[in-house]
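Note sheet for the following structure.
To keep things simple, chains are lettered A, B and C as they appear, and every chain counts its residues starting from 1.
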Amino acid sequence: MCRRWLFLVLIVPLHASAADIVVSAAASLSNSFSEIGKRYEAKHPGDNIVANFAASDVLLKQIEQGAPVDVFASADEQTMDRAAQSNNIEKSTRKDFASNALVLIVGVNAKSPAKLDDLADSDYAHIAIGNPDSVPAGRYAKEALTAAKLWDKIQPQIVPAQNVRQALDYVARGEAQAGFVYATDAETQKEKVRVAMTVPTSTPVRYPIAVTTTSQHADAAKAFVAFVNSADGQAVLKKYGFSAP
Amino acid sequence: MSSDAIVPLLLTLKVASLATVLASIVGIALGKWLGRHRTFTRNVAESLLTLPLVLPPTVLGYYLLVVLGRNGFIGEWLMRWFGVSLIFTWQGAVIAASIAAFPLILRAARASFSDVDAQLENAARSLGASETEVFFRATLPLAWRGILAGALLAFARAMGEFGATLMVAGSLPGRTQTLSLAIYDAVMAGDDARAESMVIISLIAAVVLLIFAAQLLQRRKHT
Amino acid sequence: MRIAVDIEKKLRDASREFHLCMRFESDADVTVLYGESGAGKSLTVLAIAGLIRPDKGRITVDDRALFDSAHRIDVRARHRNIGLVFQDYALFPHLTVLQNIAFAQNRGWFNRRTVDADARATMASMQLDALADAYPSDLSGGQRQRVALARALASRPRLLLLDEPFSALDSALRDRLRDELIDTRRRAGIPMIVITHNADDVAAFGGKLVRVRDGRVAD
């Protein structure tokens, strides 16, 4: 029994000297950032990327409340602006690293709307979008629907989701007949959902990334941000359907 | 208390009350059926029925979503025969909450029925009472306090239901956004003031219910 | 009335096994089952009442089979028309004395507060009027015994079974209530089977004596 404790005591310090870099990234970056994290770890042995995916607003909330996050990647400028205003990010490290498109999806076997106005049809009993109060994708969708003068009309059909992936899941499962997600999200479930149309948004869908002011591993964090913007990182993002920033 | 908090509060009271009634009917019936004899099969049955109490709510919610959803065993049947879906509805929230809360009533019912002196039930039988009469005139009047205490706890549990409700009914303001979900959404949206007022309401409700339940259980011991 | 009992039942618990093998007949007005505690007297009486089921055998009352394992007959307790006074009286604690006594008459799912004349008459004949609205927890041991007896009688049984009806009472009360019981029984004209481990009871009751030891009739 004593020997086992000794063994652990020897192991722990070795592990602690490696950096645990906590990356809070928007839900839509789940697949791409998981892969980027692995590639980064391969190039920087000893560094461990801990990914935390959720809606951007939720992530910011965690950072504001003191969560030990090193890197923050958001799905819109608005959230990153708030992070900057509350001094949670190092402004000098902020950089746009990708852009995305907002799309309207329907289930594979569902009727495709020819234009946004078709959503008012009773066939679309439930339309999933991220909750605009806490999800950037929801805000983009609300913006587009408001511009098309549909937001108030289709309110009764709106099902707010906790993040863009949940909105995707609702449509994939058939519980929602249509939904607003990013083009990259639709790709991940292409056997179950179909893109009916790309939805133009007046605010471009751009992803910024930055190092937090509270990071305990600022150098490693900066290295990670640089990796995301490097050719390697960008290639992975492109693979998953993201466009250049 | 802001007017914003009233809608989720009323919805929560509606969902929790109906869920408790539903859970009570099933819980009392099954509590009676499980009976006072602790056989192996009956104990296994009780453990299985108590599962919702120990399963992580999201697991419970996931399985409910799978079963009640359009492609699910029950959901498909409902769609085909009645053209309705329980997902994203307050009725779905009631189902989720009642399943989560029902084990509390089941255990309380079984224990309360067992506590009733078997001799009294026998006396009723010897006086000509049918099994139903024995249940309603002898057993239930002596067991009701313990069952009610269980029902109050179930109500508190139903009021606080979050994980399973979120998966099955979603968080639709005015329709399925109960207090717990409203608090969560408010926090996520950064509206701390709204979150705080609703948290206080939830706390007060929970404390009141617990005090009632404790009083009932105390009096039961004296009869 | 003639009662014939011929039953067997094996009971097993953690420490031992008990084998009940009772066989007796009686056409006396009073039959006394006499023996030490644990001899099997209560079991026999519960079996006659239909509240426990023997493994095999027959129980007949006036040639009507209440239980017959060979012919798969087992009349339910509620149809046997047998009144039972339990050892600790088993009065319903949530009902008044009047409601207890009227229990058999008041059918239905709810315990009614009003009762009919029959129940009141039984109550009056045993001088329990004053206690009508009292609850069992308010009564003394002797009062409870009489209420239990009144309750059993109010169900108009054709046979009365009493399990150690005086064991919880002191000896003076015991003698008085025993005399009362003998008197009440005679007035009601109902045969009874009494369980006791008290020799004085045996002498006072008379009738047919059935000694019970270790689950069987001992001679």
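Convention: contacts are C-beta pairs under 8 Å (C-beta built on N, C-alpha and C of every residue); 3 or more make two chains touch, one makes a residue touch a chain.
Computed from a prediction, not measured in an experiment: that's the story for all the values here.
Taken as a graph of touching chains, this assembly is arranged as a line, each chain contacting the next along an open chain of partners. Relative to the centroid of every protein C-alpha atom shown, the closest chain centre, again from C-alpha atoms, is found for B. One finds 36 Å separating the Cα centroids of chain A and chain B. The distance from the centre of chain A to the centre of chain C, with each centre set as the mean of the Cα atoms, comes to 78 Å. One simple way to say how far apart two chains are is to compare their mean CA positions; for chain B and chain C this gives 43 Å. Those residues of chain B whose C-beta lies close enough to touch chain C in the complex are 117, 119-120, 122-130, 132-133, 136-138, 141-142, 223. Interface residues of chain C, counted against chain B in their complex, comprise 46, 49-51, 76-79, 82-84, 86, 88, 90-94, 103-104, 107-111, 151-152, 155. Looking at the complex, you find that chain B touches chain A at residues 65, 69-71, 85, 87-88, 166, 170-173, 185, 187-191. Touching chain B in their complex are the following residues of chain A: 55, 57-58, 61, 126, 131, 133-134, 158-162, 170, 173-175.
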